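Each of the next two complexes has chain A plus one more chain, namely chain B in the first and chain C in the second.
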Partner chain A sequence: MYRGKNIQELREELDKKETIPEELFDKANRLAHYFQDDYNSFVTIIDKFKYKDRDSKLNGIPYALKDNFSTSGILTTASSNILKDYVPVYDATVFKKLKSAGAVLVGKTVLDELAMGGTGTTGHTGIVRNPWDKERMIGGSSAGSASAVALGIVPFSIGSDTGDSVRKPASHGGLVGFKPTYGRISRYGLFAFASSLDHVAMFTRNVMDCAIVTDVLKGKDINDMTTLNDDGKCYVDLVDKDIKGKKLFYIKEICGKDTYKDVDDKELRETITKFHEMLDKLREEGFIIEEVSMDKALLEAIYPTYMCISCAEATSNNSNLTGIQFGPRGEGNSVEEIMFDARTKGFSELIKRRFILGSYILQRENQEKLFLNAGRVRRMIVDKMNEFFKEYDGMIAPCSGGPASKFDSTSEKLSDRYLILENHLAIGNFGGFPSITLPFAMINDLPVGVNITGRVREDDLVLNMANYVEKVTGLKDIYSKVGDIDV
Partner chain B sequence: MIAKEKLKDYANKLMFDMKDEEYTTLQEEFDIILKQMDLIGNIPNISSVDPMTFPFKLEEASLREDEVGDYLTVSEVLENSHHQVNDQVKVPKVVGEGE
Partner chain C sequence: MYKVVIGLEVHCELETKSKNFSSAPNEFTEAHNINVATVDLGLPGILPIANKEAVRKALYTSMALHCDLPDEIIFDRKNYYYADLPKGYQITQNTKPVGLNGYLDVIVNGKVKRVTLHDIHLEEDTASLEHYPKYSLIDYNRSGVPLLEIVTNPCIESADEAVAYLEDLRDVFLYLGVSEAKSNYGQMRCDVNISLMKDTDTELGTKVEMKNINAFNNVRAAIEYEIKRQSELLDKGEKVIQETRRIAEDGKTYSMREKVDAVDYKYFVEPNIPSTPVTNELISELKSELPMLKGDRYLRYIEEFKISEYDAGVLSKTRSIADYFEEVLSYGADLNLSVNFVTTSILSTLNKLEISIDELFITPKMLSDVIKLVSENKLSMDAAKKLLYEAIDKKTDPIELVKKEGMGQINDEDTLLKLIQSIMDENLEVVRQYVEDGNMSAVNFFVGQTMKKSNRQANPNISRELISKELERRKENAK
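What follows is the complex of A and B.
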């Protein structure tokens, strides 16, 4: 049986010659096709086995890659009509490293168009469904990468995370989702959304697997001047260190015991109750966990700050999508008309709305009030976090106010739950902090994730602490067993 | 409520347009968005703070040396363009008659 096995289990089988890479690929390929109509994880499923034998923990292991990473000779659409026929001529560093490690690409996964969205519903090939409940979203933007792992098709996948695009779907999919420190993994060949917030990130089904993948991907890249020098650490070796005495904080205004006591929302209250029950167990394991307070006005400003910065950066980053050098050519009698037509036809309504917002923010009359003030709020939030990090090793919080939403649900966009609890993960992007999500509770048989965010450059400690949380929750290697297929 | 013409102007500056009914939806959405944006203005004494444009101070950032390497060929560069002539991307005449 292949489905649902983690990297370490597959590694052992390969090393013992109980299976071979091609067999694993064939099984992953069968699963990918089997679930495609119902869950739509992939833009492209690779049908031809391509692999080179390497000396690495990922040698022969199947994986999926978000369709906004450049892959030479393989269609890469960013789930947008404006790139629907784009075949890159170079490899992203991440893809190159995985190939060099002998990992085997199974497919390119669906995302929210151009990675701008959090629902998994805006890709040009249709919506992605949550493997735990088809009527619910998996979240986005790395929707297909999340569902491919949550369905047990592959043991790991790569995504990108600009606001919470891996760590939120990980929560909805019962997965581990890890975004290392900004610059730890090269962004070369990742289609830029908001460059100062974009991170390469990954999904696995346990924390140790995350350490394995990060060890392969991290390091300096001359093609990305924002990459960090390699820290020389092997995260796999450090993931199991004793955590006794490590100090975590949670922010009362995000997830205090009584913060939502007057809110009529059963799922939300159950999430908070289970979160505090888990904190008690973590204390028994040796963690010191304390409550801190943060100015609510700053927390409420996280989401608008994120929108201002990301939409403004996105309007500029996506100005190269003209349909002239690549993408479907527009019609018209001048270069301007051709571009105008290509962009009008190529972007969906949602993307256009985000771009217009970016354009609004960057207008001379709004720059001070919105764009520059957003940058100021970003600094204030990051400074406050760094102040907490002087005393504490990490922040802990639920990733959302409950399991994944249904497709037809609406949220009150000005409520505390929406503005604070559903959007606080963007703090990790503001400051480039290493940040990991892992499942901590099942509510109505659906997974809910907890997040740990730590100091910049201390990726090993974040993985180490998450590994202990995983031991306490016992929610390790879970996936949806939906479907009648025995592979 | 923000005027539809303004929204259209912002869109046109970014080289695209939307359908009329889509501007109406956006107009309604902008109401909420602007209320959310107002939350940024609620933070007291922010004018003295330097806007942050990068997550943290990156001490090791450096420019790489210029080195001879393998780069894309002309045919690779043109591969995704659907209109080519003489190893170049073909576009309509840029210089108009009589100019």
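What follows is the complex of A and C.
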């Protein structure tokens, strides 16, 4: 049986010669095809086994890669029509590192178009469904990478996280989703959405697996000036360290016991109740956990700040998509007309809306008020967090107000009531903080995730603390067992 | 008459090993699309890597042009769509340029004109386009080449000033070794902004812009044509339209497009390049490498050395020549002889052999040794020049040649006479014996001394003749 096994289990089987990489790949490939029609995890499923024997913990392990990482010779669409036939000529650093670690690519996964979106419904090849309930979203933008792991097709996958694009779908998929410190993993070859917020991130089904993958991916890259010098640590060795006396805080305005007492939402109240039950258990394990308060106005500003910065940067970052260098060539009598036509046809309405917003935000007359002020608010939020981090080792909070939404109920969660609770994960992107999501409760048989965000550069400590949370919740290596397939 | 107000924006391609933000080579090549990295194509997922050498050269130039330096190096994106701009934005500097408020003193018709600089910023070049009737081709070789843009204030008042500034600015680039600044390769290009105003006006007139002029004489032609065109318009009471014009081969300018509103480039700080502090260590390191510039040397040569303006101009024009000249002096060689030798035999030799002074066999030390022999009247000018050519020919130190082969015969009567007179002045007793006692052996004595003092170089027959004449002259004078 392959399906649902984690990296460590597969490693052991490989090392004991109970299986071989090609067999694992074939099984992953069969699963990928089997679930494709129902869940639409993949833009491209790789059918030809390609692998080089390496001395690494990931040697021979199948994985999936979000379709916004440049893979030489392999179609990379960013789930957008404007790149529907784009075959890159170079490898992203992440892909290169995984290849040289002997990991085996199973497929390129569906995302919200150009990674802009949180629903998994806007890719050019269709919507991605939640393996725990087909009528629900898995969330996005790294939707396919999340569903592929949640279906047990692969033990890990790579995504990108600009606001919460890995950590939110991880919550909806019962997965561990980890976004290390900004600069810990090279972004070279990741199609830029918002460069100052973009992070390479990953999905696994347990915290130790996250440490294994991060150990392979981290490090200085000459192709990315924002990468950090390697910290020389082996995260796998540090995951099990004792956490007694580690201090966590939660923000009352996000998840206080009584913050939502007047709200008529059963799932939300259950989420908050279970969250506090878990905190009590964590205290028993030796964590010190305290409530802090933060200016609500600042918290409510997270989402608009995120939109301002990300749309502005996205407008600029995607200006290369003109059909001139690559992509479908537009029609027209001048260069301007040709570009205009390619972009008109190539982007969905949602994307155009964000580009127009971004352009508006950057306009000379608006820049001070919108773009630069957003930068200042971002700084204020990060400063406030760093103030908390002087006393505490990390922040803990539920990732959302309940399990994944149904496809028809998106608008409800955009209401003011959920403004803070549904968007606070972007704090991790504002400050480049290491931030991890892992399942902590099942509500109506659907997983809900908790998030821990720590100090910049302390990725090892965040993984270490998350590992203890995992021990307390017992929700480890879970995946959806849907489907009648036995591999 | 109108007052002419000109501002110049000069783009200069910096000489670096690789491009400004990629590892592709930065070199001129005839083959298309050869020097291209993923970054230069603007492919999805690429990230810029700032070129340290380009940043250093940009700071260095800023410093030489007396600019205020920024506390950190950061870049900005300038967003616009065009076929030659693969990323859809140009990485440039807007928030904190490498230089602000500098100046360059330029000699215009013998007077010093201070051209003040608004700013200097480091950016990347675009790809180049070739247009054909039914299609256009893009060459990405130039895409991402480091470009330094030097923007003057509107302080230039004539075509003469503009061209003198451009020539001197090019010499600054060459002096600093930051660019080859060849305008025929487009390594130095100029945008001209020009407006006319009445002397009594307090506000600048309507500005006309002319973009990407390579040759300096075209800059002159464009300015002169525009002064004429705009004057005629204003004379007739008509308005000058704010527009972009181009200069054509007939020396006239033609309208390209009217400028309705300035384009909004939506600048913002490039997030992929972390800021790098400009440290005091870096500043003092660059400062220590900074040479004295052409204008300063020119003035020093005239004021301190009292050299003619013409010679000062020739000597200061090229840094390597000026350095060579100053090194010759540093060994104690005579000033006038040094000027003479460098501006004549050395420069003509360089021309004849088509080499640079760095390739010349004669080092400043060798030249100063030869000049000393001339000063001491041991060598005539002609003989010295011949000796230098021979040294180049045989690739042998001229002093070695003198030791080995003697200095060749001195036939020059002036040189010999000077030598003879100095010997007689040192031996007045022997002269007296000849003058008063008629001691004819004095002649042989002086011939012997002349041969000895000239390292046996003096022509003995001419010397004997000159000695006899000189002794007779002194005898006559004694009466």
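Following the convention adopted for this analysis, the second predicted complex is superposed on the first by the 479 of 487 C-alpha atoms of A that agree within 3 Å, B and C clash if a C-alpha of one lies under 4 Å from a C-alpha of the other, contacts with A are read in each partner's own complex, and residues count from 1 in each chain.
In this text, a contact is a pair of C-beta atoms (placed from the backbone, for glycine too) under 8 Å apart; a residue touches a chain by one contact, two chains touch by 3 or more.
Note that this is a predicted model, so its numbers are computed, not measured.
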item: First, second, both or neither for A:L190, with chain B first and chain C second; value: second
item: Partner chain(s) touched by A:I289 [first = chain B, second = chain C, both, neither]; value: neither
item: Which of chain B and chain C A:A28 touches, first, second, both or neither; value: neither
item: Contacts of A:V149 with chain B and chain C, given as first, second, both or neither; value: neither
item: First, second, both or neither for A:L357, with chain B first and chain C second; value: first
item: Chain B or chain C, by number of chain A residues touched; value: B
item: Chain B versus chain C as contact partner of A:A78, first or second or both or neither; value: second
item: Touching partner for A:Q325 - first (chain B), second (chain C), both, neither; value: both
item: Contacts of A:A312 with chain B and chain C, given as first, second, both or neither; value: second
item: Contacts of A:N333 with chain B and chain C, given as first, second, both or neither; value: first
item: Doubly contacted chain A residues - partners chain C and chain B; value: 86, 89-90, 196, 222, 225-226, 315, 319, 322, 324-326, 335-336, 339, 359, 363, 371
item: Touch list for chain A against partner chain B, complex; value: 85-87, 89-90, 182-183, 196-197, 220, 222, 225-226, 228-229, 295, 297-298, 300-301, 303-305, 307-308, 315, 319, 322, 324-329, 332-336, 338-340, 343-344, 347, 349, 352-353, 355-360, 363, 369-380, 382, 413-414, 419, 429-433, 456
item: Parts of chain C lying in touch with chain A, wherever the complex brings them together; value: 38, 41-50, 77, 79, 81-83, 86-89, 136, 138, 264, 266, 268, 271-274
item: Chain B residues within the chain A interface of the complex; value: 7, 10-11, 13-18, 22, 25-26, 29-30, 32-33, 35-37, 39-44, 46-47, 49-56, 58, 60-64, 72, 76-77, 79-83, 89, 91-92, 94
item: In the complex, chain A residues that touch chain C; value: 68-70, 76, 78, 83, 86, 88-90, 92, 187-192, 195-196, 222-226, 312-313, 315-316, 318-322, 324-326, 335-336, 339, 359, 362-364, 367, 371
